[in-house]
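Heads up, the next two complexes both have chain A, just with different partners, chain B and then chain C.
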Partner chain A sequence: MIKVENLSKSFGAIKALDNISFEIPKGKITIFAGADGAGKSTLFKILIGLLKKDKGKIFVDGEISENNSEKLRKIAGYMPERFSLYQDLTVEENFDFFGEVYGVEKPRKKEMKKTLLEKTGMAAFRKRRAGALSGGMKQKLALSTILLSSPELIILDEPTTGVDPLSRIEFFNIIEELKNEGRTILISTPYLDEAEKGGFVVLMKGGKILKQQELKELKESFTPKLFRLTPSENIFKIMKKLVKDSNIREKFYIRGNFIHYLHTGEKDFSVYIPHSESIEIPPKLEDIYIYYERIFKGKEGDIN
Partner chain B sequence: MSENIIEVKGLTKKYGDFTAVNSINFNIKRGEILTLLGPNGAGKTTTIKMITGLLKISSGKIFLNGKDTTDTPDEIKKISGYMSQKFSLYPLLTPLENVEFFAGISGLKSKEIKEKKSELKKIVPENLLKIKVESLPPGVKQKIALFSALLSKPDILFLDEPTSGVDPEVRRDFWFEIYELKATGKTILVSTHNLDEVEFSDRVIILHRGEIILSGEPEKLLKEYNTNSFEGIFKEVIAENEKA
Partner chain C sequence: MKIYYLMKKELIEILRQKQMIFMVIVSPVFQLLIFGYIATTDVKNLPVEIINISNSRYSQEIINRIEKSPLFIIKKITSRYESPIKNMKEGKIKAAILFRDSFDRKRNPSGFPDIQILMDGVDSNSSLIAAGYFNGIINDFLLTEFDKKGISVAVKGKSLLRYNPELKSINYMGPAIVAMLLTVIALFLTSSSIVREKEQQTIDTLLISRLKPVEIYLGKALPMLFVGLLDMFLGVTLVVLWFKIPIKGSIFQLLIASIIYLTAILSIALLISTFTNSQQEAMFFAWFSMITFILLSGLYTPVENIPWGLRWITKINPLQYLMKIIREIFLKGNGMKFFYKDIFSLIIIGSITISFSLFIFKKTVSK
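And then the complex of A and B:
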């Protein structure tokens, strides 16, 4: 649906986006995952036309999008990291206001309002001032208002940062429904466990893309194996050994009472840890991210 | 010394008719990493504030090392350190100034403050020491926040959303440090929104609507609920509690 070629953007000496290329599949949830400073917000702002790119090309449905992303803007609903609601207006009044901004016709607006309030579980709060809503509900209201224009593309910049786990779960249930309606959804997040909810993932770091793939393929094609070791020696004694040698320490990390080991090459480093049991467990996206990040640091340019 | 560093009995906080924390009982074992988990408004922050003496309790008792300190909350405050990834540093001060400030209020002598400042130079790159904290990368901020929280040599460390927005590898390094602190006998209480972070701790307590609805060791809970992530458990227990 969207294709981006060699996109770059700098702020002074900082390369916010460094020659990135990617393609976003239609009708899927694509998640851009990376820490603060990875370039996620800059990328979204360029896509939606809020920021000018330095160079690169953006295609929408095969057509080049030049004039300030006009085509994209028409089909997209965008929720910035710090979204805006009218705090003094009620939930319903916010709906009416944004409906008018988007030029939604009256009968349609009425119907949409009803559907969206029900879908997001906000029907009971229609008379409440937006300012008096919890963080999770504000986020749902903000999402609902952008849905008023029935966008086929939804771009959400860190919608769940600082939102509590329950609201996050509910939020992703709504997103899943939107996907099932055939919409294309772009979400950025600093949480890698959240990226596990995407169909397609783009792992970002310092303005570059470490890896982009269908989540399922990404996991299936990941050859290193993750083992959970049950240490047979005091875990702190083992840690002391690890601290002495940073090359070896890199191979392991602690999770509660266990030590995780990612077996990447030919040599089996698990022998460094005296253990009574070793079980292979499925790697999480975090293991995959760190693996590619390290390869990236070692031999830049070798990854696509 | 008792196994529990802190015991909480019937802890309650009321705001008028609203009960934020409803007669909860739990212990914090010496040297453990305990995670408090729950939606907003579940009572996590209220609980932590009551334990650390920042908020007056409505009823209940708090014991430190077996001694009733309900009426002398300063005793726990004195042995506590507090770190939050987003809020615990002064953004307009440099790393060195922050450390100087926190060392000062922690009652360190000027010789010790000097030592701490040179220790900081070992963990923060030289070129970053004299710029405002607000412009530092999140991983560096996190290091300084933890360093500052430890200046008073606390026995108990409270970590409030300690890793939000940081790199996966930085988070891993951070937790390695936390395990090192645990190795030195420190007790660690974590409050987090990251469900996947629960597995780092020895025990987890899930709060909902001011009550404890589940507690236990993460590994055992995952087995019991036959799942590989905490999200499933969390959803299930909250849904059950909402029905009740």
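And then the complex of A and C:
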């Protein structure tokens, strides 16, 4: 549906996006995961036409999309990182306002408003000011307003940042429903557990793509073994010692009361850690991200 | 139609925020009332010390006249000479009048005392005005005395005051304060409008909507024009009903001038809002612009008194033109033919500022 080739964007000396390429599959949830400064928001803003790219090409359904992204805007709904509706307007007034500025026909707007308010459980709050809603409700309202125009493509920039866990679950249930309706969804998130909800995953760091793949394939093809070590000494003391040795320090990281060890070669480095127990566990996306970010570092030219 | 919804949204936002209501309605009324009373060049209740060594009938009559005047308060009267400098230095008095018999009886056979007026010149304007009043009282007394003695004065000057015969400075200042408040409200409210959307990221939502940049710009400007005109109406009503300053000219022409003026000032405010990144920054630039506009508008100092090097700035200061027009309409009852040049200047300034501001806005939103 969307194909990006060699996209770059700099702000002064800072490279926000560094020659990235990817292809977003249609009808799936694609998650762009990475820490702050990875370039996720910049990428979304360029896609939707809020920022100009320095170089690269964006194709929408095979056709090149120019800087104003008019073609993409026609089919896409975009939800910015922060709550971007009007706090002093009621839920209903926000619906009416955005329905109008998104060019939704009146009868369609009325019908969609009713459906979306019910679907998101916000019907009872229609007269409440948006500023008085909870974090989760605000995000549901923001999502609902972009759904008024029934976009084929939904772009959500960190939609669950600052949202409570229950509301997050509800939010992702709605997203799942939207996917089942055949829509293509792009979500950026700094939370890797959230990225597990995507069908396709793009891992980013410092304006580059570390890895992009179907989540299932990514996990299946992940060759390093992951061990959970139960330390027999103070966990922080051990890590403090390890930090000094650059050859092995990147293979270990703290996870709660345990130390995770990524076993990537023949040599077993776990001997460096005084531990009472070592169990091999299936890697989560977090572990995969750490591997690509710390150890792999694009050795196969996968970082582009 | 979309622009209508944007305008409606802007007005709802203003009406739902208590601070905004305060700023739009309460604050201008409050400020106008305060400024109306304090922004005056009239001299009232000036504390005076009188040293009446002469102690003659003449000196007593002049003192009586000074006592009756609401302009002065006699703090001290003495018949022995005491230097008034100490009291003046301590700020207890602003003027001292010394009456003493003339030493030269040959040149002054009538027995009129010599009069010395000593003024505190720190506030030069008030001192000159007060000194003028004292001289007026003395001259008036002398003319009455000459009449009594059958002495005719060959040349009598008589002043006739037009447009503000009572010389009430509120008549001059009141309409100008309305223009000043209009500037303050329009600059401060509007300069934060776009930058607030930037801070809240709602600008992104607007930009990806079907609204064109020019529609967003106008959707922001038009409600503020409405708010500005509302404040103009409030100000004019207050000036007319409270301060009893009648409008001698056409209200319709005042409305036209205000709309053209607001176009210019709103464009400047939107320009500020476009290039700043936070509401604090916008407030700073709005404040700086406001001070410059007001100081170079002729509100306190006539434009002709402004030094040559700075006077050219008044030519591009839209407030200067509105200030002139509003006074012409209020006090002189003049019509368009007397201030069409000022209207024309406002149109030129308005056209340039709106074009430039819109150009910058379009450029900024499509970065």
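Convention: the second predicted complex is superposed on the first by the 262 of 304 C-alpha atoms of A that agree within 3 Å, B and C clash if a C-alpha of one lies under 4 Å from a C-alpha of the other, contacts with A are read in each partner's own complex, and residues count from 1 in each chain.
Everything below uses one rule, namely that contacts are C-beta pairs under 8 Å (C-beta built on N, C-alpha and C of every residue); 3 or more make two chains touch, one makes a residue touch a chain.
Keep in mind that this is a model prediction, so the values were computed, not measured.
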Key: Which superposed partner A:R73 touches (first chain B, second chain C, both, neither)   = second
Query = A:D193 contacts which: chain B (first), chain C (second), both, neither?
reply = first
Query = What is the contact status of A:Y102 with respect to chain B (first) and chain C (second): first, second, both, or neither?
reply = second
Inquiry  = Let me test your reading of the model: by the given contact rule, A:S276 touches which partner, first (chain B), second (chain C), both or neither?
reply    = neither
Request  = Using the touch definition from the top, say if A:S134 reaches chain B (first), chain C (second), both or neither.
outcome  = first
Partner chain(s) touched by A:T223 [first = chain B, second = chain C, both, neither] = neither
Partner, of chain C and chain B, that touches more residues belonging to chain A = B
Message = On the A-aligned overlay, A:L50 touches which partner chain: chain B = first, chain C = second, or both, or neither?
response = second
Request  = Please write out, lowest number first, the residues of chain A touched by both chain B and chain C across the two complexes.
outcome  = none
Ask   = Along chain B, where are the residues that touch chain A in the complex?
value = 37-41, 137-139, 164-170, 172, 175-176, 179-180, 183, 193-196, 199-202, 217-219, 228-229, 231, 234-235, 238
Interface residues, chain A side, partner chain C - complex = 45, 48-52, 68, 73, 78, 80-89, 93, 96-98, 100-103, 129
Inquiry  = Taking the touch rule as given, give the residues of chain C at its contact with chain A in the complex, in rising order.
reply    = 1-2, 5-6, 8-9, 12-13, 16-17, 200-202, 204-211, 366-367
Ask   = chain B touches which residues of chain A in the complex?
value = 35-37, 134-136, 161-169, 190-193, 205, 235-236, 239, 243, 249, 253-258, 282, 284, 286, 289-290, 293
